[in-house]
Amino acid sequence: MSKKIISEIRRDHIFNLLKEGKRSDGRKLDDFREIKFETGIIESADGSAVVEMGKTKVTAGVKIIPGTPFGDTPNLGVLTTGAELIPLAHPDFESGPPSPESIELARVVDRGIRESGMVDMSKLCIKEGEEVWMCFLDLYAINYDGNLFDAFNLASVLALKTAIIPNEQYGKGEDVPLPITCLPISVTSAKLGSSLILDPNFDEENISSARLTVTTDDDGNFRAMQKGGQGSITLDELSHCLDMAVAKGEEIRKLIG
Amino acid sequence: MSGTTDMILVNKDGKRIDGRTPDEHRDIKIEAGVLANADGSAYVEIGKNKVLAAVYGPRECHPRHLQDPTKAIIQCKYNMQTYSVSDRKRPGTDRRSVEISKITAEALEKVVLTELYPRASIDVYIEILQANAGTRCAGLTAASVALADAGIPMRDIVPAIAAGKADGYVLLDLNKEEDNFGQADVPMAIVPSTNEIVLLQMDGNMTREEFDKAIEMGVRGCHDVYKLQKEALLNRYSDGGDSDE
Amino acid sequence: MSGTTDMILVNKDGKRIDGRTPDEHRDIKIEAGVLANADGSAYVEIGKNKVLAAVYGPRECHPRHLQDPTKAIIQCKYNMQTYSVSDRKRPGTDRRSVEISKITAEALEKVVLTELYPRASIDVYIEILQANAGTRCAGLTAASVALADAGIPMRDIVPAIAAGKADGYVLLDLNKEEDNFGQADVPMAIVPSTNEIVLLQMDGNMTREEFDKAIEMGVRGCHDVYKLQKEALLNRYSDGGDSDE
Amino acid sequence: MSKKIISEIRRDHIFNLLKEGKRSDGRKLDDFREIKFETGIIESADGSAVVEMGKTKVTAGVKIIPGTPFGDTPNLGVLTTGAELIPLAHPDFESGPPSPESIELARVVDRGIRESGMVDMSKLCIKEGEEVWMCFLDLYAINYDGNLFDAFNLASVLALKTAIIPNEQYGKGEDVPLPITCLPISVTSAKLGSSLILDPNFDEENISSARLTVTTDDDGNFRAMQKGGQGSITLDELSHCLDMAVAKGEEIRKLIG
Amino acid sequence: MSKKIISEIRRDHIFNLLKEGKRSDGRKLDDFREIKFETGIIESADGSAVVEMGKTKVTAGVKIIPGTPFGDTPNLGVLTTGAELIPLAHPDFESGPPSPESIELARVVDRGIRESGMVDMSKLCIKEGEEVWMCFLDLYAINYDGNLFDAFNLASVLALKTAIIPNEQYGKGEDVPLPITCLPISVTSAKLGSSLILDPNFDEENISSARLTVTTDDDGNFRAMQKGGQGSITLDELSHCLDMAVAKGEEIRKLIG
Amino acid sequence: MSGTTDMILVNKDGKRIDGRTPDEHRDIKIEAGVLANADGSAYVEIGKNKVLAAVYGPRECHPRHLQDPTKAIIQCKYNMQTYSVSDRKRPGTDRRSVEISKITAEALEKVVLTELYPRASIDVYIEILQANAGTRCAGLTAASVALADAGIPMRDIVPAIAAGKADGYVLLDLNKEEDNFGQADVPMAIVPSTNEIVLLQMDGNMTREEFDKAIEMGVRGCHDVYKLQKEALLNRYSDGGDSDE
């Protein structure tokens, strides 16, 4: 993701359209691309989902495994989130240890899920201090065309929402759904010049100066935020981003509800 | 291969636990051109295996010290996703993946006209979304279609399939149970036009007779796969395959 | 954020466990020019946090493939020393450090005139000697002073501070207990001359109203920090700051 | 092993001789170089061997240590095989993490030993589910002049064949030999032009197009195979390789028996 | 630390002065720079110190944690020493895995502490074979201007000398001081031309041909030594280094006693 | 060094457990030119230590940023094989190996005419096949012979041996038991023609008097080793040493 090159002409084209409140793919500033999703696509996972936002495509899978709780939370389950920007998904992605970009993605998605209490960790205790369910949430970019934050967040939420605790496999009784309390939805604004747009595609992302990801819960409260990029956002812009995040978050929540 | 079980893998009528005859492969689905960014791509299902392959290139070779002034090199990366297997796989490259990546790249070298692209690299990425015995063959089968989809000049397309042995029978395309509790596995890949072997591994226990039979079965299986590979590429082009570029 | 406790973090009189009012920051000490070798440096204490920052550069960019022909790049490395926290931290970079390094560098980009130094690197090192909630803000505050101390042309100095929520109150500059057992944390950094936000994170649970209040409190807190940053730089120069070069 | 350079003249010389069925060192196509070996060379190992095939020289050592069995094989010992292409052995070998070549070597050798059941793993159980003997087989190239597959295989077989379970050291009674059931022997054919030769030296290996390693057991049955190299082998060539592997395997087995 | 460049002129200047028995900063050959130190600077550590020798500045911190003893010393505590040459301290220092220089520094400091028996490891046993106190001693270069060996050694000794075993934190009774038996002091000589000097600064270190670090205990006996550098030292020079190490060691011991 | 034992390491007659007198080294066997590929090589046995050394170079220096325009650099890699010690050693470099590699390279620098080969690298590989106290000295002794065998111009050959202390006696060339349960170890290496010290380490507990005695013993021991090094090189050339090239 280091060297994102986009021609001057394409850049100017995007900025000229934005001045008229338009986007190069015909969307309004606060439109997402078409969202498609499917769950349960991977039988070997305990929960899985594929999400497409336009040409951006990602998968999420959850494996739920008995393990030892952390010393300071002996009665809580554990959530671990990883994101892989595999080279299959984009010519700029490289093999090797996780890049700062993939680490940030995983941590922001994780934060939204964790802070919203989406998964009721207290119900994942098998034996206090000894055994709890550990949820390994792994995210893969399959085709990258911008806005991995929201695509990964949505795929994660769908995979967890449909996940099954594999009690049978471990001789612990019947399989039950993972206990879910709410659906945290992230909405990412990108700042291009003085315009704020939602769900930036690859070209838009490359010429944006700043990014704000805002994750809301079912009540429209804020659970996680992350500003990125080398630019700044004004207090007014912040306010607009929050408004959009609440409105669009509700819309997406309904879509997958 | 060394597993033992009371499970009957092939019954008196010569039927296998999934209802197949000994020389019958699992259901195979091949789709070409499934990814927008990659120069070429393919999705393959063989039984419960789900595999994606993407090709980028010919492009500049990194790291540069691997460049060959006489031809392109093929670099392959086979990767099992963490949730593709029953026990979660730790992310990152393991020794098994390194070996499979190496023999897959070698198998493809034979058919790609690498000499057309000196100093370049042709990068093949294989992602195992779901594994159920036979991922290396599914991966190579997909990679071969992705190379063709990328428009890279090739002498032929490489199909791959495994033969093997379970309950004493020589069988085509072992499923998970046959692989775990069987007596031998023989993954192989050929150049269909000449029946030359470009990938061959074997582990387990086989007499010469059994092995010869396995090879015969495998060659026939490869030709079946080959037919489906060609169909997938035909579909790709007749569907107006460049729609998502 | 998800901790729970019987501890009363804000009492009936609106006083916090360390005696502060909700909109009061902890004691802050900032010193510029504390290291002989670095081109610029600063030491910051915010409550029990102790942080050193050093700047080297503009200098040649390594690794070279990161060079930008149009401007200098800012590379930041945030590091927690092993004994800075109650449980010993393993040496080396962890995922949290990578994230903080990334957003810190991005926050500084806005104010540094990087376009003056094409192809160069400006390297910012932040060492957390002692951590007690708020190290990323203390680190960025220190880094900003170190950049100015290095004489690197800047549009403004970046102050950082966190707002948050505990016991249902919106509070400025959470201490360790408020961070552990509170309901939200909002680290932020601004460009004081315009109040533009260059760093913003949030985790926990906040209504729009609470969040707006937190931002307002944070902006004011940043201006307080900014005042201390400027004083530190003034002291540095009036003390004959180049004495230890 | 990446850049194997051999002069055009030497290359032509080798190919010209092969057309007459001869090799540059006077061997017949299906001749191995002289094999020398010695066991018990390292007292600190529980089993060890040095093998020379011409100028190729390798060592193998086994350490046998009590450890925890894998969950799915609670009553079986564990075998772990590593191969190191140390820079002492050849100017092309580099320090650092294992190369794909060394990983392939270790895995093919391991496969032959494992699949042949050479070591009776069921006799390595100390206490089911709790403690078993773990055999660490480590291979080092000392001087590399081709055909490490067969040299490593032979050294491994010799080291295991002469290995002792160190019961005394761990207070578990008397030392006993490692339980051995058979001697898996690998025979590697290399294809140069249209010729198939055994035991290729460095020059031959470099100009070969394909390689087939075939491991047989005491009955001449096949236990492991691995094709390598960027070329192909025909079905007839395969058949010839198998014939040679059985015949030569028996010969080598007698040599070390 | 690989490329240490110093101008010819500065180099000649230092050597010319040394011929007259003088040093560029006015010190005598066997003078240390002014030593400043402070302990207890880091409350989150169980022991800590900062040491300045001229412009060289280092910190040391100790964390003491219950852990499992090594199998062969079931009743002894554990000491682990790490040294980090962080890039904050000098433009030549780089991020990444420990360099050979930092490893040597940590190991030489560790050796002096360990071999002198400074910390009475037998008193760090909580339950034989099961639980002992593990002392993690971590060293950081804050500003590097030569002689990290002695600065790190001194900071380590001060941090350990003032360290507290955190019994309370782990519900094991009252906090007690770490049991200290003596104060090992290292004194490093550098050879420049035919001169031997103590406590070399950065410039002196760069043009020195050899280095000898000698650690003595309270009785002036030798506990650890390490020769470094690409030059040699004669037997007479060795004798002089030992004399200086004993005399200066005693002086420094008094300073911190 | 810190081990304690009831074992009597030196008896009333001044004899050690392996029958040696205090100033007697173990049996030493040195052979030069033992590897076909290396430019120079040597095999050394000292007691139960078995060590191989190989030299490649002068050759192009990798990585290139280590090149010195004024001379060759010596790069050394000391490696303990996994089965060389009683507890299996994990493969790969550990901190001890890094330190030994560093001081070994430094010890060799003094005698090699590196100024003859600007920008080049002389690579020394030391493999410990079997370890029994004293491997660093055995390794350096072997490396020195391997350098001479490679025909690299040298001022002298470097021999190495350890002195030490056990049961209160100063002893030459400690064996495993003396090393484990003794009171001090002093590995050293010299330039024989001048008795200059090029490697010196010490750990344990020694008075000045004991240490002086150890050095004296060590210097004499080094001269014994030196004699055997020269003999090995003479044998190598008289045997028609280039036979296996």
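Brief remarks on what is shown
Every chain is named by a letter (A, B, C, D, E and F) in the order it is written, and numbering of its residues begins at 1.
FYI, a contact is a pair of C-beta atoms (placed from the backbone, for glycine too) under 8 Å apart; a residue touches a chain by one contact, two chains touch by 3 or more.
None of these values were measured; they are calculated from a predicted model.
Placing every chain at the mean of its C-alpha atoms, the farthest one from subunit A is found to be F.
Put simply, the C-alpha centre of subunit D and that of subunit E have 48 angstrom between them. Centres computed as Cα averages put subunit E at a distance of 26 Å from subunit F. For this pair, subunit C with subunit D, the centres built from the Cα atoms lie 58 Å apart. Separating the centre of subunit B from that of subunit F, both taken as means of CA atoms, is a distance of 52 Å. The touch graph of these protein chains is a ring, one cycle where each chain has exactly two neighbours. From subunit B, proceeding by way of subunit D and on round the ring, the chains are encountered as B, D, F, E, C, A. Those residues of subunit C that touch subunit E in the shared complex are 35-38, 48, 50, 52-54, 56, 59, 77, 79, 81-88, 91-93, 123, 125, 127, 129-132, 244.
Every residue of subunit D that touches subunit F in the complex is listed here, in rising order: 41-46, 48, 55, 57, 59, 61-63, 65, 82, 84, 86-91, 95, 97, 136, 138, 140, 142-145, 169. Considering their complex, residues 1-2, 65-66, 95-96, 98-99, 101-103, 106, 109-110, 186, 191, 194-208, 211-212, 215, 219 of subunit B touch subunit D. The residues of subunit E lying in touch with subunit F in their complex are 2, 98, 100, 103-104, 106-107, 111, 114-117, 212, 217, 220-235, 238-239, 242, 246.
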